[in-house]
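Each chain carries a letter (A, B, C and D) given by its place in the written order, and its residues are counted from 1.
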Amino acid sequence: MSESTGTAAEAWTADEIMSIVGSRALRDGMSCFVGIGIPSTVANLARRTHAPNLVLIYESGPIGSKPSHLPLSIGDGELATTADAVVAVPEMFNYWLQGGHVDMGYLTAAQIDRFGNLNSTIVGSDYGAPDVRLPGAGGAPEIAASCREVTIIMRHNVRAFVPEVDFVTSVGFGDGAGFRKKHGLTGGGPQTVITDLGILRPDSGDGELTLTAVHPGVKTEDVLASTQWPLRVAREVGVTEPPTPGELEALRALKSS
Amino acid sequence: MSESTGTAAEAWTADEIMSIVGSRALRDGMSCFVGIGIPSTVANLARRTHAPNLVLIYESGPIGSKPSHLPLSIGDGELATTADAVVAVPEMFNYWLQGGHVDMGYLTAAQIDRFGNLNSTIVGSDYGAPDVRLPGAGGAPEIAASCREVTIIMRHNVRAFVPEVDFVTSVGFGDGAGFRKKHGLTGGGPQTVITDLGILRPDSGDGELTLTAVHPGVKTEDVLASTQWPLRVAREVGVTEPPTPGELEALRALKSS
Amino acid sequence: MTTAISLNQAIAAQVHDGDTVALEGFTHLIPFAAAHEIIRQRRRDLTLVRMTPDLIYDQMIGAGCAKKLVFSWGGNPGVGSLRRFRDAIENSWPVPLEIEEHSHAGMANRYVAGASGMPFTVMKGYAGTSLPDNTKNVAFIDCPFTGETVAAVAAINPDVGIVHAQRADREGNIQIWGIAGVQREVLLASTRTIVTVEEVVDELDPRPRDIVIPAMAVDFVCEVPGGARPSYALGYYERDNEAYRAWDGISRDRSHFTAWLSEKVLDIT
Amino acid sequence: MTTAISLNQAIAAQVHDGDTVALEGFTHLIPFAAAHEIIRQRRRDLTLVRMTPDLIYDQMIGAGCAKKLVFSWGGNPGVGSLRRFRDAIENSWPVPLEIEEHSHAGMANRYVAGASGMPFTVMKGYAGTSLPDNTKNVAFIDCPFTGETVAAVAAINPDVGIVHAQRADREGNIQIWGIAGVQREVLLASTRTIVTVEEVVDELDPRPRDIVIPAMAVDFVCEVPGGARPSYALGYYERDNEAYRAWDGISRDRSHFTAWLSEKVLDIT
């Protein structure tokens, strides 16, 4: 979906509805470990709309940040000065994340596969000579391992939605049922994948991603055509609520701040 | 040696000369991990006499404390408020002590044996039914393991100086040469044992304690008679310098503070 | 998630017979008021965990709350023995007391492992001492990179962790300054937590070298001014060293202790 | 033990060709001035260790200082790629760059192990990912108490650790407030250390939520106001987000970068 100048119901971009639906995945009062990029936009949007008491946690150390504008990096000064507490990085990862105190981890990546595994390391088949060198893991592997649940947000296309990721940076459900338990991954794994086309959720049996909703105006076929494997589709595919004027206004104000 | 009312040269008690000679083992500018009891007295005396820049470290967290009076516990408020830094207890033990940053550990105990091993846990042969239950280990085992060197201060008598301690709370040289290395104890071990009778130092070969000096007026035979094993004696046994009036005055002022 | 309730309600809700309970505070901020409430509610068969049992556990042990003690230094600091602790170990009074003892570094690391969601952690220490002979919670393992042997200690995850702090805000964020001990670790390692504080305030304005423990780690906050006496709360009141010295006489014999317990703890409502 | 000298002298004394060097600072307090001095002194064959290579290592890599990079996230935060880092990996320019990559938690724990004098430490993580296939510094071991398998990571002990901080006193005690990252751990883990500071003061009066790192961990203090630009020093200056955005253009091609390097780094004395 591209920029629209049509009716009110279409007056949002694909990225905008992705961000807005993404923000709705956050519940007021919960704690959210916020990854770099879109997740930070989405979490700050939620805090400005329906979840004013969301506890934002950044890997640089701030817990409970209340930034007045969207930070460029995950370590901007305002994240620290507005936080309830700022902890050292080892404490953040060992005590707060690994210790199991964080409700939700919010991630994005360059590739995702049918079991919700994420790649943010390389594109290509040879680690030593990659086609594209990506930034790498950062905090994502342990966010994916330890948060009570994980939400993933990324644009939906065949380059990104691949049957098997080129490099497993962060584990979703591995190769299916039992994988997380076998590898001692204590968190619940990716429960929600939000894209610019719709929402995918893991099958309760083996964890394979399943299309459960599309955004207004998107067809199931669009999603299938944008996914490199034969995507499972729920018996009933819902349609997400369109962005409210308030949500759109808050998002646009946030992006321009 | 008991309370004296005689000449100036005898105008100190056995405990007083032990503390004063003990304080001289501390060099200005060094860092010292201060155990509970006499070590704290001795370290604070050194800071008031020849070592004003001694960095006092207490297991409760303060580094660089400058107390105005002798603390009763190792966690008195003044230790924190006068410190350069106060760290959490795990940081103290893992980073500062185990990390190898402390020059000297200063300990006392209920029993010491020929290899400088210390017991502050039980007296008696049955751990489950001890003759005397002592307070236990506290910070001593790791102080003994990790400080660059250890100084021990305790009263000299046959109950305390035993061939083999009833319980090894803190390791000196274990059973002799090679023991510390074999057990991964990175610090230098007990280099000085100061008692109310004199000074013992480990043999450079096997670490067995050897009498190297007596206090003024003490005879080597007095020390042998106060030690439950046949104590090694250095070829030349020195005599410690008597307390100066300044040292005595500082100690007495400290004790009454 | 934090709820502000009375100490009486918090202890009733969180502490059950048979629980493993850690009341921490390293000399500073020892939660005596919470301990006395546990004594008044006559909890029994507790496994008490604490680096320095101090007077707080001497009182709980003497009152018969404990079946086991896990600790690393059991003295009255600067004074001498803990007499109720010794009477329990040496004479099983008022009930037998099982003990498991560690070094301070070992206990601190056991809390660190618990706080970190790990089953164990590694450290240097215990090697060559008699301590490992008397606990199942110390082992020796080899470094997979260098082959060096190091000590492993098992995590402690108390059922209930209780600490005292200077202040909390209304969201349950906790502020501590001065000696912080293992307050943070015990809150993070415990399944259920209670924090007693000198005061609940609207805003935790910074204090010199303070730390803030986010409310995520806290279930209940109870405003209990003076809740650490005769220990101390930096900025509020000093350590009552005279009370620590006096305890030696009070605890010396059973009848004297029992009279003290009735008068100063049980008969207070 | 701390000596106050010029940055030029400190780098000359502490950093040698072939050393393993960690310049840390998590977004905040990145020691750019020290990095530029290393570039000017034309150090070569360094193993550079840092969680987030950021612009600071993009510049050092582009200048040819590094033979190896140990890291966990190599992007320009909020902007995109690190182009000199990618050019070195993908095209060996100006020299080949060996890499070893970890997760943030893994790197943080490797510093913790190094700071703790341990050969390794344990954590949850790495399991199920492709990361362990590409490093010798991750292994899996079993808990001696529960049998559970956990990750072990090897300690990092850099030859030289360099950080920036807000202030130091004349004894060399270091004060940091705001995001503290792994500043403390890298100083404690390193054999030799340099701290650049905004200012040296007589007294480290408390700042909100500050930490003090005692002088025992510090060899050299260099007063370098602005030494973290274009990163920031809370209380002194803000992050220059425009400079981070502009770096994308400057670093995009080799000639543009080289001109920048000459003008902004090499020709400064």
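By definition in this document, contacts are C-beta pairs under 8 Å (C-beta built on N, C-alpha and C of every residue); 3 or more make two chains touch, one makes a residue touch a chain.
All values derive from a computational prediction rather than experimental measurement.
Asker: Among the remaining chains, which ones contact both subunit B and subunit D?
Answerer: Intersection of subunit B and subunit D contact lists gives C.
Asker: Weigh A-D against A-C on C-beta contact pairs and write down the one with more.
Answerer: Pair with more contacting C-beta pairs, A-D versus A-C: A-D.
Asker: Counting only Cα atoms for the centres, state how far subunit B is from subunit C in Å.
Answerer: 28
Asker: Centroid from C-alpha atoms only, then distance subunit C to subunit D, rounded to Å. What do you get?
Answerer: 38
Asker: If I count partner chains per residue in subunit C, which residues reach a count of at least 2?
Answerer: In subunit C, 112, 116-118, 123-124, 148, 150, 184-185, 209, 211-212 touch at least two other chains.
Asker: Out of subunit B, which residues touch more than one other chain, so two or more?
Answerer: 85, 94, 98, 146, 186
Asker: Taking the touch definition from the header, please name the shape of the chain graph: line, ring, star, complete or other.
Answerer: Graph shape, chains as nodes and touching pairs as edges: none of the named types, so other.
Asker: Pairwise, which chains touch?
Answerer: Result of the pairwise touch check is A-C, A-D, B-C, B-D, C-D.
Asker: Using the touch definition from the top, list the residues of subunit D that touch subunit B in their complex.
Answerer: Interface residues on the subunit D side: 112, 115-118, 171, 173, 184-185, 188, 211-217.
Asker: Could you list, by residue number, the parts of subunit C that touch subunit D in their complex?
Answerer: Against subunit D, subunit C makes touches at 116-124, 136-137, 139, 141, 143-146, 148, 150, 152, 154, 206-212.
Asker: Any idea which subunit B residues touch subunit D in the complex?
Answerer: 31, 55, 63-64, 84-85, 94-96, 98-102, 146, 186
Asker: Please name which positions on subunit C make contact with subunit B in the complex.
Answerer: Its residues touching subunit B are 26-28, 51-52, 71-75, 77-79, 81-82, 85-86, 89-90, 101-105, 108-109, 111-112, 123-131, 133-134, 148-150, 178-182, 184-185, 209, 232, 234, 238-239, 241, 244.
Asker: Spell out the part of subunit B that touches subunit C in their complex, as residue ranges.
Answerer: Against subunit C, subunit B makes touches at 36-37, 59-62, 71-77, 79-81, 85-86, 88-90, 93-94, 97-98, 121, 127, 129-130, 133-142, 145-146, 167-171, 174, 179-180, 183-186.
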